[in-house]
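As structure tokens, here come the structures.
Both complexes shown next keep subunit A, but they swap its partner, so subunit B is in the first and subunit C is in the second.
So, the complex of A and B:
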């Protein structure tokens, strides 16, 4: 952190400011340490549990097995199915969410601003409905989904797209709020751009980090979802971990830890993408 | 009116632009009639400034011409072609907005190339044209910078280059200088005029700043409540306002009591010709005359009936407020060099120059 410029101040005031800076630094370290212990201790405990071999010796057998796809499929077929289902759900949910939400939100901003509150309300609705209630409503719908598309776990994409709407909408809406979409669109239209070009080549590149945030949040949510998949009798990573916990606690905890770490990495990437800034400071108004 | 349009264009020997006609435009937003039968003609290559207070409909008129706003009725004709229903992206118009409108993810050069790319121009031609335009607006050295690395004035220059790069039929400027500080505003205003004369594009300039409008335009249209009060060369608008609103809105006017006397008005003992003698009230009627401060002369005179109340220093000129008998206040514009003799409280004599005068 850059030091405070105190050169022009009297010595007594300089001393006061230095003491205050020291106190703030100490407070920051205390907060970081407490939070670090709160979050890291369970993770370290999980790591220790998964590396506990016979006779209490350190062993990485569980982790070797986890990262050996062939052996994992043979040893824990349900887990490998859960992982592939979750991977497929992540890809499909992100795609469906982006295809549905991005053009809709942009279009509402540009052409139907009066509908903005309605769209916002609809998108935020899943946040207020508990997953168990959602399942009660979704069960009869999924009877039809199964009838038309079969019982594949990938059909959970539809439910998950609804589930991620509040987070994805917020992220994209925040991105759109940070730019003057209307003026940019009008400028592009004036230069000869059709609506497709306006969206694809003007608006989308300027909300790229917001779209990335929406995608990362979707990935994190889909990887951690259990209730709907379990109650609709579908398979995914969390359902598989739950089942595995009854037969192989070590592997179950290892997979949980890996999923958590992946989610953390994604969220850190999100903050990095969001905080990225280009260029040099602004000049004077000349 | 047509005569003055042709004069404006031919005076510069410039016929590169196209003629534009706004014909009976009407537009209502809820209870507000933004445009109320607006008629306006722009000659090829002419720069017309639309001037008026907030909410008078000037920006709506420009947006209708750009195709960004629909009309309830009326027509927009460019080069004789009715484009009223043509979408904005097919109108071939360059526009500079009040808000900074550069695409943030593109450099200045890429911004200027954007319209050319949509027109499928070859890469080499795009680069050459963009470089030319950036040089024209005096910002060639910053071609590789992103908008957030440019100042407000530089961004508006790039926006102007971008609008001109596509060689538009009409250039539309929607208060492009209002977000800039005073010095940059004047500098860029003059450059806009220079560039417009150089490229000869028919231009509609919307502003609420009367000084800006009078300084850059071939003709100025003063708008009020969705219609034009007066259109004419800047000097006509200022010196021969057609309506009390124009006289009041453009420049500063003293409202002085007077009496109509055969096609003129007698004010403070001076006889002033009327701007509109035909529409004036009958003889001997008491009226309020609108007299410009620069048509008022004050001179220190111990026997004078006026007394200097206040003096505002404006640089080369100053405004002197004089109190006359019967609580009449009159503002005069005088050379600042004369301020020494016009200190507050000085007894003064007030005289009016016989310039055409409007009635309130």
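So, the complex of A and C:
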């Protein structure tokens, strides 16, 4: 690129541009190296910390224990409960978010366009209400939830659905903006489809990747949530890690690292899904 | 607009037609009832609970004493520390995050570096909390990797002045660790909006690199940079998990004060003090987010 652009320039300018490119490359290396060390060092330290055996030797006991579910449950019952609760919460929250948000957003676009601003405002509202504030107001609400549904940790799914609203809404809204919902719906209605069919078999398949990314973001957020679970005295993965830190530092660091890696893999998958979405219109155009 | 999708409207003068349109309208509204009901219970009620509770005394009578109690020395200190912590980490995060974002923008498009760094940023910025606190305990805690390495190889004791990891300096360090990635995420779109033609135009008019940044790119990116910094501030100000996992003694910042108000046995006459502090936090975050929205609009106009 640079070579093509500078082809017609006098040699002095060419040298200038080469020098600048070199300087830019050096600058980039410095930034990447310094920040890379800053960000990778704690992760490496976690790995070193969890593989530290007696007498300064390498030991993978912690990791072997972490991946041996039966033994883990016997050794650290709180941790296994936290992991199961978080897994359940992930499934429930993704389902609740999808059931609540996807039909509403589509419906508002098709039938109640005047409500769109209102729904958007509500969905983005949790961004201005810190979780620590939400939990203060949620305590009395959860007294009722406990009364009706019991004190299971899985009831946290209601609060988590509120927390994921901004991220899920943005993803789904972006997906809907990229297709012509109205025309699709009209065409389907004209061919005799009911509203259920329009949503389930016409619109939903067209925003599949947006729904996927909303689901991925939900999974990451639920796996990382601590504030509400901890202050409402429920258990989840993060609460268990924090509790474990007091008694068995090695294991809690190992679980932390595993959780971070898991979240990273999820978001990598998300970026691949997102990359494919952006690729599709280009194919159609050509 | 809605009429296009619904069945063809009958003449407006016809009463039955009007009735059926009202019915259709009503049925359309039914579709959004579950969403609004859920949001009312789990978002509106908690918000009202905090707002009303902040102005209610233990006897259920309206009072200003909770809000007045915010002027107590230790709460004022907590707000000042929270604001300082958020401001310092927001500026650090903004500067380093912007540098990293610039490197990503100039890297190959769709390349591995950009993809990996973006995904990792997403994890560290939003997943963080407890896990990051433990990451730093494993790094520079007393038995941490770096602590031991420096002590054994260079004889340096990083804690010669006291163990600072579990206090404010530690919070600054760990907060910066999740602020930089957040900056990368929110600032990247703005940098993507900068067109290479602007630089070429500057050069063809004889401008230097310095002039380009000072006169063209700088002013264009300034609203986005400031806006992102505000968002980082709100993010740090709202954060709870990291501090809760790291700080076990005392409550230097507001979220931890709220924790102790919630978990400790209620001090007489201060049942709703936690709600007043929560309301104070909402006010700060709301002001910051309002400014952010203003700057965001400017950014969208220039770099959209």
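In this section, the second predicted complex is superposed on the first by the 237 of 286 C-alpha atoms of A that agree within 3 Å, B and C clash if a C-alpha of one lies under 4 Å from a C-alpha of the other, contacts with A are read in each partner's own complex, and residues count from 1 in each chain.
To be clear about the criterion, a residue touches a chain if its C-beta (ideal position, glycine included) is under 8 Å from a C-beta of that chain, and two chains touch if they have at least 3 such contacts.
In this text the structure is predicted, and so the values were computed from the model without any measurement.
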{"item": "Contacts of A:74 with subunit B and subunit C, given as first, second, both or neither", "value": "neither"}
{"item": "Partner touching more residues of subunit A, whether subunit B or subunit C", "value": "C"}
{"item": "Partner chain in contact with A:192 - subunit B first, subunit C second, else both or neither", "value": "first"}
{"item": "First (subunit B), second (subunit C), both or neither touched by A:149", "value": "neither"}
{"item": "Which of subunit B and subunit C A:129 touches, first, second, both or neither", "value": "second"}
{"item": "Partner chain in contact with A:32 - subunit B first, subunit C second, else both or neither", "value": "second"}
{"item": "First (subunit B), second (subunit C), both or neither touched by A:159", "value": "second"}
{"item": "Touching partner for A:46 - first (subunit B), second (subunit C), both, neither", "value": "second"}
{"item": "Common ground on subunit A, meaning residues reached by subunit C in one complex and by subunit B in the other", "value": "186, 189"}
{"item": "For the subunit A and subunit C complex, residues of the former touching the latter", "value": "20, 24, 28, 31-32, 35, 38-39, 41-46, 48-50, 100-101, 103-104, 107-108, 110-113, 115, 119, 122, 125-141, 158-159, 161-162, 182, 185-186, 189, 220-221, 223-227, 230-231, 238, 241-242, 245, 249, 252-253, 256-257, 259-260, 263-264, 267-268, 270-271, 275"}
{"item": "Subunit A-facing residues of subunit B, complex", "value": "66-68, 87-95, 97, 99-105, 114-115, 118-119, 145-146, 148-154, 159, 162-163, 166, 172, 180-181, 184"}
{"item": "Contact set on subunit C toward subunit A in their complex", "value": "1-2, 4-6, 28-29, 31-32, 34-35, 38-39, 41-43, 45-50, 53, 96, 99-100, 102-103, 106-107, 110, 113, 115-116, 118-120, 122-124, 126-132, 134-140, 143-146, 177, 180, 209, 234, 237-241, 244-245, 255, 258-259, 262-263, 274-275, 278-279, 281-282, 285-286, 289"}
{"item": "Residues on subunit A engaged by subunit B in the complex (per definition of touch)", "value": "179-180, 183-184, 186-194, 197, 202, 205-206, 208, 278-280, 282-286"}
